[in-house]
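The structures considered in this document are given below.
Here come two complexes built around chain A, the first alongside chain B, the second alongside chain C.
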Partner chain A sequence: MYQDYAYLIVGLPVLAFVLTIFLGWHLPKGGGFFTVLATFAGFILSFGIFREIYPNNEIVHQSMHWFASFNAGILIDPLAIVMLLMVTFVCTLIHTYALGYMEGDPGMARYFAEAGLFTAAMLGLVFSDNLLQLFIFWELVGLCSYLLIGFWYRKPSAASAAKKAFLVTRVGDVMFLAGIVLLYTNMVKLNLTLPDGAYLLQFQTIYDSLTLIPPDQLTWIAVLLFGGAVGKSGQFPLHVWLPDAMEGPTTVSAMIHAATMVTAGVYLVARMFPLFYAAPNALMVVAYVGGFTALFAATMGLVMFDIKRVLAYSTVSQLGYMMAGLGVGAAVGASAVGVSMFHLIGHSFFKALLFLCAGSVIHAVGTNDMREMGGVLKYMKWTGLTMLAGSLTLAGFPLTTGFFSKDEIIVTAFEHGALGLGWLPYIFAVVAALLTAIYTFRLWFLTFDGEPRSDYHKHESPWIMLGPLVILAIFALFMGMPSQENFYEYVGNNFEHYGVDFEELAVIGGHHVEHGAEVHEPFIIKILPIIIGVGGILIAALFYSRWKRFDSSMITSERDPLRHILLKRYYQNEIYTLWFAEKVVYGIALVSNMIDLKIIDGTVNKISAISVGFGGTLRKVQTGVIQNYLTAIVLGLAVLLILIQLASMGVAI
Partner chain B sequence: MIPLVLYVLLASTMFTIGLYGLLTQRNGIKLMMCVEILLNSANINLVAFSAYLPNVNGQVFALFSIALAAAEAGVGFAILIVLYRLYGTIELDNINALRW
Partner chain C sequence: MIENAISLMIAIPLIAAVFAFLFGKAAKYVALIGSLVPLVISLQMFQEFDKASNAMQFVESYDWVPAIGVKYTVGVDGIGLPLILLSTIVSVLVVVYSWGESKRSNQFFALLLLNEVGVLGVFTALDFFLFYIFWEVVLIPMFFLIGIWGGPRKDYAAIKFFIYTHVASLIMLLSIFALYFSYRTPEGLRTFDMLTLLGATGDSTMFSPMLLNVIFFGLLFGFLVKMPAVPFHTWLPDAHVEAPTAGSVLLAALLLKMGGYGLFRIVMPMLPNVSENYITLMAIIGVVSIVYGGFLALAQKDLKKMVAYSSVSHMGYVLLGAGALSVLSVQGAMFQQFSHGLITCVLFMSAGTIQHTAGTRIISELGGLADRMPKFAVLMLAGFMASLGLPGMCGFVAEVSVLAGSFASVQPHMQLYVLIVIFGGIAVTAGYHLWSMQKVMFGPILKKYLDLKDPHSYELLSMSILILLIIYFGVQPGTITDIMGVAAEPLVKPFIAMAQTGVI
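Up next is the complex of A and B:
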């Protein structure tokens, strides 16, 4: 019954967007309750649909003809329903929190309108049944992120961060579009006879024809699609926009980093997993890029002092985990999707929690800089404790959600190595896990422990902000344990609904799946994640808490080159902005400008100059003096008369 | 009786003189005079043929034509007077505000 109203999951937030943008100015709190209610209704609907399809393991598919050979449709399978539940649930809480956080901002109506559209776009992306529709919502997500990051558009840094996010993700989007075009041309070449109601770019059709497309083409398509995911999900080297996206309100950061934007890239790879699996070497690219991003971002998280920036690098790093989790699926097949998606869902709970806590702290303290905080726990008990919950699960403390999901990815990465597919993803993941625990608790101790290091405002946030924190904290801590096994099975078997034969695809993709060849995991490998998680927390405690035994100056100094590189963030700014943007791109722009001015405009100008000159000469004929015309008439008449005369006399003319 | 050919000869001579004046002169009043000569050459033709045929239609037409010529001369000279006030001359070569 609920599934008949599936379109309302997107429809209601869009309606909320329309209502808030037109009426919000006249309503209390900018009409934010429209957005909250619409998102909550979406959650109820998603939950209803989940209850209907989960027991019999069904899927919902509705589709209608759109134009030419394309359709618009709704597809709710296990992969989509968990995303729908997560996005609606987390967004409802974030929007509720924003009611308190954005209080008094003159742009409140605009904020809630854009936030509603953002949510709608993400939900539409998730339940698309074909690649084209997914791409359209994908672009809409990009647009909304631009609007929201630049929400305080009068601030130059916010405006430039918004542009940066838009442009950097655009690089990925172009690759994504190229991937779609390449896929489409290959599909057309197959000359498939489609059953009624099936369209070329529908996921079902794509999965069905994977065995028919040449493998080298598949690799190209997979790599191009992954390029889109790299841009959206902030993977190296297109991660640079994500830390800058902090310029928006904290609730926007929470939405982008947890629920809506960055998960889109991971979702895309998960959705197209059969294609990646069938394409030789594609998953290897995903695994290495993801693993490297996880480690690379974690190292930068270690040295940042801006509380939101630490969390931003942590997001980049965790997204790297998800990508790596999908990439190492080369070893285990489709169950990797379940593992990675579980980390995605868990991550969106605790990352939303952490961002909202950070927002609560910033809201109260009035600064982003952790050096000016310290001892906040005394004044903000609820915020501090919920943030502790988020930090524990992010650090992978045993039995929290983050522990299970990260552990599973690390184990899968180990199998990846043990099967001879490369140990690097495993090493990246393990080292990054240690760093994650350290920087997370460095953040927590610096902010909440110790003595106040500056004279900040000491008050707790209102309950409309704390309520969502408590709910998120409960989920972040305890969601993992009861649900994980069911989740892996439910989402991991997502592609069985489409009859995808992974063994057949493995042959094309060149994966050796040895059945029954259980990978032996030594005891130390099994408990390593626990040691790492707890060890990292202890290290952070020894350096930054009230039980401090060491000081960071003991292992590093001001002149330490490594520290310098980290603080400078690997000179990314220098490389991307000063060298790449200002030298290379600006140089290319200058050359293109010259070509445009001299050659293209020049040709057009020349042609017009020729006709103008010709016309100028020709118009001298029109003297404007009546007598000249008259002369011409008389002469003409005379010639005519003579000719007639000659003709009548029989002279052949 | 004067033969018809002489009338036609007179009319064509006057027509040629008028046309020549119209093509060569630049003075507004001279042009008006040339136009009058042209009109009157036609009138001579009309009256001559009318008298020979015998049919009075031609003479009636000649009267109309004279009346028209009077009206035309009235309008024409009025325009010339306005032009003279504006430019201080009726040499048409100097009145070229709308030419390229």
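Up next is the complex of A and C:
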């Protein structure tokens, strides 16, 4: 029943977008309730569909012809439904929160319109049944992030950050597009006879054809698609836009740069996992890039003082985990998808929570700088405690959601190493986990513990903001334990619906791994995540809490080069913006312009000067008197007619 | 079914042009009616058009100068019809956008109508003689639009535009004559009939390879200048910078399309009979235009000049798609013509509106306009997004079709070209659009612009309609790409056959 209305999951937020943009200016709260209701209705629908397809393990697929050899369609399988549920649920809460947070902003209607469009785009991306449609929504998500990051467009930093986000992700999108084009070409070459209603870029068709496409092509396709994911999901080296994207309202950060949009890249890799599995070199790239990003971003999270930036780097780092979790899937096959997606879902809850808490603090305190906070817990009990819940689960405190999900990725990475596929992802993941625990609680202690370090406003946020926090906190803490086993199985078996044979793909990819081979995990490895999680929190407590025993100046000084590099964020801005964009790219543009003016146009002018013998007389021709030109035209036509006349005489002769 | 639909469609704006010229202040009303009627006729034609056939439809043929084989023959197929729609739509919207024009308004609106006559003639003429006349007719209104309503260097720009494109036209004319004089019908007569002559180019007893190659290059040159393709593009920025907004819009949206139309109508049917290396040449010129044009746009300080160079870049897709010779790429190239026609209107209208509200188009002197012109900002942003290839808008569909179709082409090297475009062009395109958008519209508003407000409603109206069309054709491209696909098939078929026999 519900599945017949699946299109409304996207349709209603689009409707909300239209309504708010035209009517929102005249309505209380900018018509934000349209967006909230539409998103919530999407959740109800998704949940209804989930109830229908889960018991018998079915999928929903609807499709229609679009243009040329492409189609538009809806595909709801386990992978898609968990995303739909998460996005609609988290976005409903965030939009509700925004009703309070954005109160009083003159652009409220615009905010809710864009937020509605964003929700629609993200949901459309998730339930696409083919790669082209996925790409289209992918780009619309990018557009919305551009609009929302630049929401306060009068602020130069916001306008810059918006542009940067769009451009950097565009670099990834370019690769994604190249990947689609390459895949399409290979599919065309196969000369498949497609059954009725099947199209070349549909996932089903792609999965079916994997065994027919040459393996080197598969590797290229996979690497290019991953390039898109790198851009969208903020993986190294295209992560630079994400921390800057914090220029938008905090709800935007929570919605786009933490909970949903950035997960699109991970979702893409998960969606195309059979392809990656058949191309183990590409999978290796995913594992290493993901692992490295997890660690790299975590190091920067350690030194930032802007509360949102710490969370932003934490997002980058956690996305690295998800990527790595998929990448190390070479060791375990399709179940890696379940593991990684579980972290994705869990992360969405707790990162949305953390951002909204940070928003609540910023809303009250009026600054982003943690050096001016301190002791906030006394004045903001609910915010502080829910943020503690989010921090615990991010740090991987035992039995929280984040603990299970991260642990499972680390275990998989361990197997990856134990099977001889490389230890680096495991090492990256473990070190990053320790740093995560440290920076998370550095943030919490600096903000909520100790004494106020400036004279900030001391009041708790309204309940329309706190309500969503409490709900998210409950999920962040307790979702993991009861659901994890079912989740792994349900999502891990996603590709059975399409008859994907991972054994066969392993043969194509040349995996030398025998599945089911027992990997022995020593006891110390098993309890290591617990030690790391708790240990990291303790270290942070020793440095930053009221029980402080050390000071950070004891290990680093102002002149410490490492600290300097971290504060400078590895000179990324210098390299990306000042050198690459402004020197290299703009330099090429200037040189091109010079060539155009001096050489190409210069030649044209010279030729005209020589051939017409104008040179000096050109100035006389440019008398500006229209009659002269008219004479020229008439003369031209006269010549033409004479020619014709001659021609006709030629015929006569 | 309207009798003589095409002739009517061409005649009405011509008559209206005369009336507009005579009517003085009421000229704009005449112009609006005179452009709306052809729009209605073209829509009706689109309704009645047999979308599954690639034969010429609505054909009218009358003897004109029988002694030398000149006929008045017009007709449309899937190549011409979309461009006719584009012309009639854009003509109406340009009239609407220019509603406030007060300088010599009777002449101004008459010229807009005359321009419509010319382009509609070009897109429907099936007789080379007629084709050439219309081709030249188009020059006249544009020349005067630049020369009378243009900016400070209008004389230089007008004369450069005129000489450059006129030289190209003359070379094209010589090629047409060469075709004409090389061919006799079975009855021993000469003819200017386009389809007959083009069909005959395969006959090596009439056309020696040497001659045919010369003819081919003459025609190709004429069209490349018009498009314009690198390195024959330098007349375009000058013409645009000096042209009034309406002139720029017509120039970019319609006149450039004549070059692309010539490719599909005249050059491509000849391609199988000349060296296959020329295909590669076309594709390479296309790729260079896309990438080099993109970088040029990035270097510009004048918003309008930037938009002008973006046209060079976008028209490169037409050449690439045509040169790649797969059904999808050719269809994409045709659609690129259509979609660029819509999108570039918005861009030039934006530049024009900024010029006449803020008084300058120099990007670095502008800033924060969105604050005072919110509605205009939305429309301009939408146009820029369409131009950088945002999905959901028609430019994306066209470009993806060209890229995917070219990559899957039977042509060797084509994959390399596509990769160059993807990696060298797309990000740069996004770059200059976003950079200029940020500089002009966002950030704090500059003091001197505090009194600005949204432009006239007729300007906003025409831009809104264009955006709606851009989105409509981005979501439902099949409306028009289907007939393009039908038209593309016969163009591509000879090459598929050649590829199968291993010739290329």
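The rule is short, and it goes like this: the second predicted complex is superposed on the first by the 591 of 653 C-alpha atoms of A that agree within 3 Å, B and C clash if a C-alpha of one lies under 4 Å from a C-alpha of the other, contacts with A are read in each partner's own complex, and residues count from 1 in each chain.
One rule holds for everything that comes next: a residue touches a chain if its C-beta (ideal position, glycine included) is under 8 Å from a C-beta of that chain, and two chains touch if they have at least 3 such contacts.
Given the structure is predicted, the values throughout are model-derived calculations rather than measurements.
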Figure out whether A:Val188 sits in contact with chain B (first) or chain C (second), or with both, or with neither.
-> second
Looking at the overlay, what does A:Ile136 touch: chain B (first), chain C (second), both, or neither?
-> second
Spot which of chain B and chain C makes contact with more residues of chain A, would you?
-> C
Could you say whether A:Asn56 touches chain B, chain C, both of them, or neither, answering first, second, both or neither?
-> neither
Do chain B and chain C touch any of the same residues on chain A, and if so, which?
-> 622-624
Which residues of chain A touch chain C in their complex?
-> 65-69, 132, 135-137, 139-140, 143, 146, 150, 153-156, 158-160, 162-163, 166-167, 170-171, 173-174, 177-178, 180-182, 184-185, 188-189, 581, 585-586, 588-590, 592-593, 596, 600-601, 604, 608, 612, 621-624, 626, 629, 632-633, 636-637, 640, 643-644, 647-648, 650-652
Mind pulling up the chain B residues that touch chain A in the complex?
-> 19, 22-24, 26, 92-93, 96, 98-100
In the complex, go through chain A and note every residue touching chain B.
-> 619-620, 622-625, 627, 630-631, 634
Chain A partner, complex, touching residues on chain C are 65, 67-70, 129, 132, 136, 139-140, 143-144, 147-148, 155-156, 158-159, 162-164, 166, 173, 177, 180-181, 190, 230-231, 233-235, 292, 295-296, 298-300, 328, 331, 368, 370-371, 385, 390-392, 396-397, 400-401, 403-404, 407-408, 415, 418-419, 422-423, 426-428, 430-431, 434-435, 437-438, 441-445, 476-478, 481-482, 485
